[in-house]
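The chains carry the letters A, B, C and D, assigned in the order they are written, with residues numbered from 1 in each.
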Amino acid sequence: MTGDPSVAHDTKHAHAHPSGATYLKVAAILTIITVVEVWAYYIPALVASPLFNPSLIILSAAKFLIVVLFYMHLKYDHKLFKVLFTGPLIIAGATIVALLFLFHQLKISF
Amino acid sequence: MASIAAPTTAAYASGENENTGIWSWITTVDHKRIGTLYLWTALFFFLVGGFEAVLIRTQLMRPNMGFVSAETYNQLFTMHGTTMVFLAIMPLSAAFFNYLIPLQIGARDVAFPRLNAFSYWVYLLGGIFITLPILFKLAPNGGWFGYAPLTTNRFSPGPNIDFWVLGLQILGISSLAAAFNFITTIINMRAPGMSLMRMPMFTWMSFVVQFLVVLAFPPITIALFFLLMDRFFGTTFYAIAAGADPLLWQHLFWVFGHPEVYILILPAFGLVSEVLPTFSKKPLFGYNVMVYSGIMIGFLGFGVWAHHMFAVGMGAVADSIFSLMTMLIGIPTGVKIFNWIATMWSGEIRFTVPMKFAIALIALFTIGGISGVMHSSPPADLQQTDTYFVVAHFHYVLFGGSIRGIFAGISFYYPKMTGRHLDESLGNWHFWLNFIGMNLTFFPMHFSGLLGMSRRIYTYDAGQGWDLFNMMATWGTYLLVVATAIFVWNFVRSRTRGAIAGNDPWGGATLEWSIPSPPPEYNFAQIPEVTSRYPLWDLKAPEKTAGIDHSHADAMTITDAHAVPVHEETERHTAKELGIPMPYPTVKPLVVAFSMVVMFCGLLFLRNGMFAVAMTITIGGGAAMVAGLYSWLTAPLE
Amino acid sequence: MSMLRLRPAAPALLIAVALLTLSACGGTEYPNSTFNHTTDLNTAIDDLWGRLLFWGTIVFVVVEAALVYTIFRFRKRPGGPAAKQIHGNVALEITWTAVPALILVLIAIPTVKTIFETQAPAPAGALVVEVTGNQWWWEFKYPEYGITTANEVYIPVGRTANFVLRTKDVLHSFWIPQMGGKRDLITNKTNNLWFTPNVDLGTNAWNGFCVEYCGASHANMKFRLFTVQPDEFESWAQHQASVAVPHRTPAAPATVTTASNRQPPAPTAPAEPTLGYVFPAADLPDHVIPKTPVPARLTYDDALLANGDPVAGQQSFMMGGCIGCHAINGNPMAMSPIGPNLTHFASRHTLGGGLFPNDDHHLARWIKNAKAMKPGALMNTIGIGEYDPILKGPVTAGLTDAQIADVVAYLRSLK
Amino acid sequence: MSAHTTAAGHDDGHVHHHYTTTGLDNRKIAIWAFIGSECMLFASLIATYLIYKGRSIVGPFPHTEYVNEAGQIFKPILDIPVTSASTFVLLMSSLFMVLALQAVQIKHLPLPDGAGWWTRAQRSSQLWLFMTASFGAIFLMFQAYEFTAFVHEGLTVKTNLFGSTFFTLTGFHGAHVTAGVLWLTSLLWIDRTRGLGPQDELIVDIAALYWHFVDVIWIVIFTLVYLIQ
């Protein structure tokens, strides 16, 4: 918020939020992805596939991203928030991966 | 020093102003007063931690001493580490964050003044919570690192570790709350024209530190929460019988613990980066590089934690990766050292007390840095880790580095905080005795360590070749006691007897020197518009800043209608006279902090099987906390 | 060591480092020095250390000299030159980024090489020693020989010893400074540390320590390593593997140690089975002989020890609760694995986790009140009337001082 | 934890508008910094869960059957259909949350002629806040049901590593949802007493950011804990 109302007005319009229709579409996409995930869980052939876990992680990452970009309107908001969020997210993700390697839950093959 | 402002300042410094009652301190939300509270409290805990060190060193003076028992010794070394890290050095840095950041960036307060008060009260109460048990010989005794499974119920059935787990949890909340506050303050409260790359170096390093806190404290919070659950509710996170892996604790602890090292050292780096240019009459050499190296140190700090664990058998690949990452971090650290020396090069160096401390930081931190590189090589580290060589290393970093930076900061900013100078000759005595004592204490530890003396032992046998080094270290510690006593005397006495300091006793470059000492409650009567990194030199010594980019803030971004060019403010008014809205004093942050600590205290009763009592206190405390929070959040700030 | 610590004399520190480093290699004055070439492992480590010290010293000298020179040359003087306003220099910044980076590369390459060499699996044919950490003592097992012993470990020179490290309780760390680096004992995990003592090392005794904080008596969790000749080792191992038969030591003074064991069986006792090799007490270097003081409040009349009867002692050992924790091979009643295995107890030079010499004087007091002898010791208090912190009162069901003398006689006969 | 979220979120009152460097509100910067910190918090919890995955000595196990020494059979304990439903509930609450924020932003705009129920509904922040909070509460009920069922099937925090890590991870998340429901209820209460208008966009926005973050954490948990075997 700023002291000058006109500036406040300007900043508000600098990042127009998406409309209600976009929100509904996003919700539909999220629901579809979730349904696909759960459906895949019940197909033994898919579960047995080595691609099962990676695909699920990709799908969940996609959902994560969609919510953050649209519902948390990071896509439309100030650049600062992107930095404040992605920095820690990268460090957090790298820490998880590093820990899983260290505890041999993920293996490095040479 | 003769300025027109002197009489006013003198009157202020003698305490002839209103609002000094104890209630005004309890309800204060003024960042300067909170900074002062942090300073006094942290210095008190510094003395407590130092006293513990004296007892430790006395016990180790000679082989097979019986000065304290093994159990007492274990409590002492645990509390010495815990106290110095969480109750002394971090809050001493916090004292400077509070006092200086708003002044350096040209703000009237921090972003969330009440949250700031909350941080302090949580720190104070948490500090008392974790320190008090030592009076009853119930102090934590698992080491400041608290390795599981030693800290689980099975091996530590007493309440000692409970105090540690809950105490650190409480202190973590304080640090996190402060960090959110300062991140917001630095991002959003800068005066017009003060771009990020014009921020004073102390503010910059503090900025990096806040991100380290925000990202490093959650892992320890979780690790402690697991331990808390194990101890109070029988979960199996560190339970041997359930197949738990105790390295989980170590990894989570050091994911926090290593960034914590930078949390402890970077503010000191920032402080000396203010001191060195001032007393060299030159701007900081390679400002941009100093900023980037600080960021690099902070960022790489998250990728090196397992170098504390080279002896646990992580495997050759992991050892190599963490070793290389650790060596990498030596580069930006070295760059800082070289830039500081280059800052002094071709300057006019005045050897004031703060300058001496700053120079000593460079000299001594270098030693700690070099021994740090020695540990970064895992095979060599296997002969060094958990020995006195490591004790020597991190005391050169923390006592030689952090504490020296903090003393530089205290002697540099004392005039700003109190309006009076510290006594120069007492300061010199303090400096030299401290410098000699510090080296006498810690340098011999390099030898005792490499000659086979392990850490955390309450006694050692005669004839092991360590006697001389231990004797030296103990005498060095006694010298440090004398030095510290002189400092305390100087610190207390100069508040009323020191020479009057004007706005700018040292010829500083940054905004805090443009306002009266001590600063009025509103800091800046008129918010200055900043056009370079060294606004006050622009005003008073433009030749020093001639080579630096100057520009006025984009007119669009100067939205504070009251901003004026940088100027000196010598008049002292009240905020009311100037019509500056100030936050109301409020006791609510203390109420919330207190009820939160009560909530944690309740858990202690679970140990005695007093489930009903525990739940009553915990739920009562929690309810009071939520009620206090609602009342706080619904009340207007100013 | 000079006490001179003034900053302008900073290079003096460096000379001190160099001198001490050199003198430390001597070994007699510094019996736990890490600067050794006694094994392949510490040779590799010391080579690396030499490199680190070399570069560290250069960096130290350069930085401190630059610092001292700068503050001396550019100190403010009346009439001196005004400060030159320099804000930075890109070439310099690149230089002092690149040079340290280069030095680090020179350290990093041998580091990684040494990591992979020293952490490779132990060579085939290594002598496996299973080490188990306990609060606060060490158990050593030789699966190849079926030996279980405590706090004293023998290895032959020239053969790789592969220490397999586990812990029964909290974390510990296994370290013999003179032999090479340390390795932690981690709960629910097995670690390894192996090295080969040099053939020319001779018969010698070394100190070992626990270096991971493990609770009350962390400082008192020590052990001894004996490097011996292969034939001596075989002799020792064969005997240690045998069941315990009490050996009488006729008319020996109460404080006698195992000095006589090295001689071939005395002709006066032809019925006794042959004793194996034991590191001769007379050859023990001073630094492996514990000098821990006995707590003053713990009283025991040493005169009683002369009348100790090993047969009665064996009875008391069974009745006094000792078998709840201790095993003695050959005694079917004593099989508990909780405490140290006492099969050839009298062949050891120390007791209580390397805390005291293993003689009658210390052993009697140890049995009487181990918790007073060693903080936090988990062994029960045995002496009647002694205060026990767990009972929070005096021990009522235990042994009298005279019975303790019998137990001492029994244990000291287990050679 | 949530104590200082709320503190950071609401401090500084609503009265004075100070100059800020970025033109953004302090509270919004603080909440994003807080969310960054929460990433590390949940990273530690999730990493622990994954580290201990498959290391429990005794059952019940999440995806496999377990027979104990007494011959007692424990079925795979995770109930995917129920959790899928609760996941859907939480996703929908996120949708309601954005609609609530939108309602606060547009409620002052004049209604076009012949506006249908949807257009009118879109302007009702009370409706959407209520829906969000209720769906959050429903999610919590699912979780309470799940926890009780697990305890009945023999899995508690003390049983094994899976029990400890599972209950702690999902419990931490549940605590966040609880704090969120309280927060949303407070907003709803403010809306009912004095009405939220465009000037209150920010306080709804920061609550929404927190709520969505809690939702994305569940997205990760659902996949990593429930679906991956």
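The working rule: contacts are C-beta pairs under 8 Å (C-beta built on N, C-alpha and C of every residue); 3 or more make two chains touch, one makes a residue touch a chain.
Please read all numbers here as calculations on a predicted model, not as lab measurements.
Novice: With contacts counted as defined, which of the two, B-C or A-D, has more C-beta pairs across the interface?
Specialist: Counting C-beta pairs in contact, B-C comes out ahead.
Novice: Calculate how many whole Å lie between the centre of chain C and the centre of chain D, each centre taken as the average of the chain's C-alpha atoms.
Specialist: Between these chains, centre-to-centre, one finds 54 Å.
Novice: Express in whole angstrom the distance between the two chain centres, defined as the mean CA positions of chain B and chain C.
Specialist: Each chain reduced to its C-alpha mean, chain B and chain C end up 38 Å apart.
Novice: Between chain A and chain C, what is the gap in Å from one C-alpha centre to the other?
Specialist: Measuring from centre to centre gives 54 Å for this pair.
Novice: CA centre of chain A versus CA centre of chain D: separation in Å?
Specialist: 15
Novice: Note the residues in chain C that touch 2 or more other chains, in rising order.
Specialist: Answer for chain C, listing residues that touch two or more other chains: there are none.
Novice: Provide the list of chain A residues touching at least two other chains, using ranges where the numbers run on.
Specialist: 2-3, 7, 80, 87-88, 91-92, 95, 99, 103
Novice: Where in chain D do residues touch two or more of the other chains?
Specialist: Those would be 19-20, 22-24, 29, 33, 36-37, 40, 43-44, 51.
Novice: Among all the chains shown, which pairs meet the touch rule set out at the top?
Specialist: A-B, A-D, B-C, B-D
Novice: In their complex, what parts of chain A are in touch with chain B?
Specialist: Touching chain B: residues 2-4, 7, 80, 87-88, 91-92, 94-95, 98-99, 101-103, 108 of chain A.
Novice: Touching residues of chain C toward chain B in the complex: what are they?
Specialist: For chain C paired with chain B, touching residues are 1, 3, 5-7, 10, 13, 17, 20-21, 24, 29-35, 42, 44-45, 48-49, 52-53, 55-56, 59-60, 63-64, 66-67, 70-71, 74-76, 80-89, 92-93, 96-97, 100-101, 104, 107-108, 111-112, 114-116, 118-120, 135, 169-171, 173, 175, 177-178, 180-184, 186-189, 191-192, 207, 209-220, 286-287, 290-293, 375-376.
Novice: Help me check something: in the complex, which residues belonging to chain A touch chain D?
Specialist: 1-3, 7-8, 11, 17, 19-20, 23-24, 26-27, 30-31, 34, 37-38, 40-42, 47, 52-53, 56-57, 59-60, 63-64, 67-68, 70-72, 78, 80-81, 84-85, 87-89, 91-93, 95-96, 99-100, 103, 105
Novice: Which bits of chain D are touching chain B when the two form their complex?
Specialist: Counting only chain D, the residues touching chain B are 1, 3-4, 6-8, 10-16, 19-24, 26, 29-30, 33-34, 36-38, 40-41, 43-45, 48, 51-52, 55-57, 157-161, 163-165, 167-168, 186.
Novice: How about chain B: which of its residues touch chain D in the complex?
Specialist: Touching chain D from chain B are residues 111-115, 118, 173, 176-177, 179-181, 183-184, 187-190, 192, 194, 214-219, 221-223, 225-226, 229, 233-237, 242-245, 248, 252, 255, 527, 557, 559-560, 563, 581, 592, 596, 625, 629-630, 632-633, 635-638.
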